[in-house]
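One structure follows; several queries about it will come next.
Here the chain labels run A, B, C and D in written order, and each chain numbers its own residues starting at 1.
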């Protein structure tokens, strides 16, 4: 009830402060008998690790997943799956100076207002490290819906736009999209390094594309597929907007124009998947830590490269949940 | 579980197809002893009625609220409050032609894909009429948080922008904001009438401002206040985007710029209210019914004027829910 | 959250005070495409009506079910099903005298302690009339699990024991079990009439038998099938105990004795159905209204005859919910 | 949704198989700022440890609680509290022989029927070791409701009855009640040792008494306090019955008799606490492991001595949950 649980049938609860002993997750709602691979899970976690773009962050976290329950002989048991990642490398001292200081746009101030107490080391519960747990959830969601392809990519990083094309026209073999600046790649990396040195940070946008989603996912009223995606993405710390299909462009559009083409609605109509490509977009604000602290500490000048697997995971958990929900209500009198 | 319930502590379930006997709502989570006024409730419903802007829609629905339970001697009992609105004026025949036809962007096609059956009269469950129930919910939410002021207004209607000012600078005595085109009002109304005659429709944007929200509402991880607002607004049929604070502008921004001012983050930091003005924005697509059907039927060329009280209601229900949640966990050993 | 909702996938919310305008229910979680018959639903409600045993109660309530949503052309739509029963015959004046008086064992006193306000007419929300809604829920649950046979019967009415046999040995063609006193039937009816004339009331016990329940229903920890049955039955106003299998007899038993036979555990092991006959038992207290009020009013001297369909319904809703849950998690990668 | 979560506002999820790496719990709903003591928590766990009655079980489990999150400087943070207990002493080989064998009354057979796969070592998820997590939950529940006194005691162990008195008359200074056989204590211990040597097991009954519960806890319909207690206790593996107040005795009673005294209803009327002593009773079946396996292994001949803290914990978690719920809905316009 304190909002650390996401999903109804594919449901998981995350826990852990960034500088406490461990972060982790309990998944309650993974069917029995699915093949589990620790290597694959670890690969997903590694996609979220810092240092993917050299010179932009110095933090080194091994982030090893440890399975505590729910797996036996590399199969899911149908029982709750608990996974933890130990915090080995906390360096709380980096944050001592944050004790009485509030970063605008960060949870520092509001956490204290809410609870009257907070763990000031590294953001506590509101740290980006919490997203580790979401990547773990995404891995297990993927086991339930292996046929659905989800991938996210940066389409804007501060002043750089990655693509001019409309996401409904991308072809999926363009990947890896996760740092899709083509020949400008080195320039963008230079830009990021420069930001790091200056203690500056920058925002951007991420596109999410989903292929092969079966029709019929999503519920017609509050639990529309688009509402649950919106909630899932906005629950990521620095996400500040969500849109799907033509998005804000639709505000300027006439009905006759947009009605020509089902695909203008991003693969969801009436909040229910149509079976066509789903595409969505989220904007992210620049990280709150700037100035000298950002130079000295292990802070990212731009979170987009590392947020990609988190965004993909949130998409997958929403899909897996709605997949199980739709299956529950399929009209047949047998299990 | 089929997604017709919204909220955790202030929780409500809506029901009803647009052309069935009734639409309605059951609210489970309204405290006992609050003063109820049927007149005030009816006023809120009337704000959603068609014909607010003359000549733009011909549908006439009285939409009278009937209380079935939970109120005694004009006070809430603490028991579930059921309210229905009878469908008096359905004119199903208007929709006979929709039986085998799917409007792009509407739920027609996906409903059939999902259930294998649908009530084709007027959109069934996915009709805009379902939002009646949300306005009722908003009224009761308002009884719980009378001190919080919520108001929404059109800031763009197709090609017309209502304001140049940033919503963080509006003063609240500018109301009524709900059709805020100032001296251009007649021109915009003419534009809407013209659309109606042509069977055309148009989209737009709505801003939401919240004053006097106590700090500490919202939970730090999945049930962030911003995530629940995003879910609430995106659950409105034609809403296609959500942003808060500087929104998409933050994608182009540098950290040092935006960190100067707490208010760039729209009154929510780390997903928790800070006590400052909350401001958000949603885009809406043009209605799906266009062409001859739109001329003949009782369809709106633009839903913005009527969606205002719905948007306000969704904001209020999110706030009332988080208000009760915060109260539950307040740290004191008494009830 | 105020506890007027039962079930997770087959989920329903009830509303209504005994002397308000209507009682009713919203079911959210009935799959689409099931055949609906108002006649069959009404038959179930009639089984709960007073006057089944002549001379024991004078109340006459037609209790006509009205469908407000979720049904179209006699099929379920997959959308929420709202059903109401109007209170036509409330005679509030019968209860005026209860305004300042608390019946021991009844909710009168505790409702006031809880809410600081109550609807004193006829018990308000805690009236037995609320069970109407549960019978409606049971009818719809039955549509989901038509293959499972549930039936309840009186096995003790005050001093009268209906059977000497162990419920694991009953054959199902002994029905109608609902008033199973065989040649003693007239004597028991005379006993009840006599109680009514004296303003006296009496308790008793009900057995529940379930045949053809598929194995695998129930979850291993908190949502054991037995826990959910216990909650469901104890949520009926005057139910004071629950047991399953050999029940309290097991407290006196040795492991080697009871382990001889799987059926000693009432068809549930580890909280999960085994596929064998499920049998359970509940005790009910005597109605709280006694003395002159009981003579004059429309009160039952014993609720057992009327509670039978309520008990059966609670069993069915638990089964339907767990049936859908099990189906959701069945291990296959398709809907 | 797979039923590993209990409670709504004071809510917790347990995980872990008896022979996997760890068992544990995540509590989501513990308010911030409560004083935490690892020593006190450990004491509660120790009450559940084997060997409390010498000679009746040879299993030795240290069961050390490790805090992973939610506590900082010995105060609760308001964030999820994760606690694990490592399985150090599993001796899986003891259970190899159970691989293809099903103990009647145990989850062995039904788990396989449900999931098509199981962890056969020691009962997997259905092992009594899972109750560790509940004792941890009970400790934290106690921090929320320190003023409420909960205690459970054996009132029957196979052929031995501990008390003749009615629980409504016990005085609370009779404790420690947990092995309350007075001068017969040695005889009962001898009886248990004898059972152990023979590979025999026995059932019994536990009484639960609650003092100083505030009035108004519990909801009038499905989430009655009695229904939630019933669910909580029946969710303990070997619990086979629940009753409150005079319990089954009420089946033989006349209304005029029992209505003389509010306390016949065990401190709950209409499902809501009255402020008076609450008393309840549960029967437990004899452990399923009998014969040579029971002699050789580390199995209890009677679980009652060890189940006492588990029963108390389930009572506390129900009370803490309803305490927070009642506080949320208290009628005042402030947090």
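Keep in mind that, in the parts below, contacts are C-beta pairs under 8 Å (C-beta built on N, C-alpha and C of every residue); 3 or more make two chains touch, one makes a residue touch a chain.
This is a predicted model, so every value here is computed, not measured.
Of the two chain pairs shown, A-B and A-C, the one joined by more C-beta contacts is A-B. The chain with its Cα centre farthest from the Cα centre of chain D is B.
Here the CA centre of chain A is 45 Å from the CA centre of chain C. We define each chain's centre as the mean of its Cα atoms; on that basis chain A and chain D are separated by 39 Å. Between chain A and chain B the centroid-to-centroid distance comes to 27 Å (mean Cα coordinates, whole Å).
Multi-chain contact residues of chain A (touching two or more other chains): 1-5, 8-9, 14, 29, 32-33, 78-79, 114-116, 125, 216, 220, 325-326, 328-329, 331.
Residues 1-5, 8-9, 11, 13-17, 20-24, 26, 28-29, 32-33, 66-70, 72, 75, 77-82, 84, 114-119, 124-125 of chain B are the ones touching chain C in the complex.
Interface residues of chain C facing chain A in the complex, by the touch rule stated above, are 9, 29, 31-34, 78-79, 144-147, 214, 216, 220, 323-331, 333-335. Across the complex, chain D meets chain C through its residues 1-6, 8, 14, 103-111, 113-116, 125-126, 130, 156, 158-159, 200-205, 215-216, 218-224, 226-235, 237, 240-248, 250-256, 258-262, 264-265, 268-275, 283-291, 294, 325-326, 328-329, 331.
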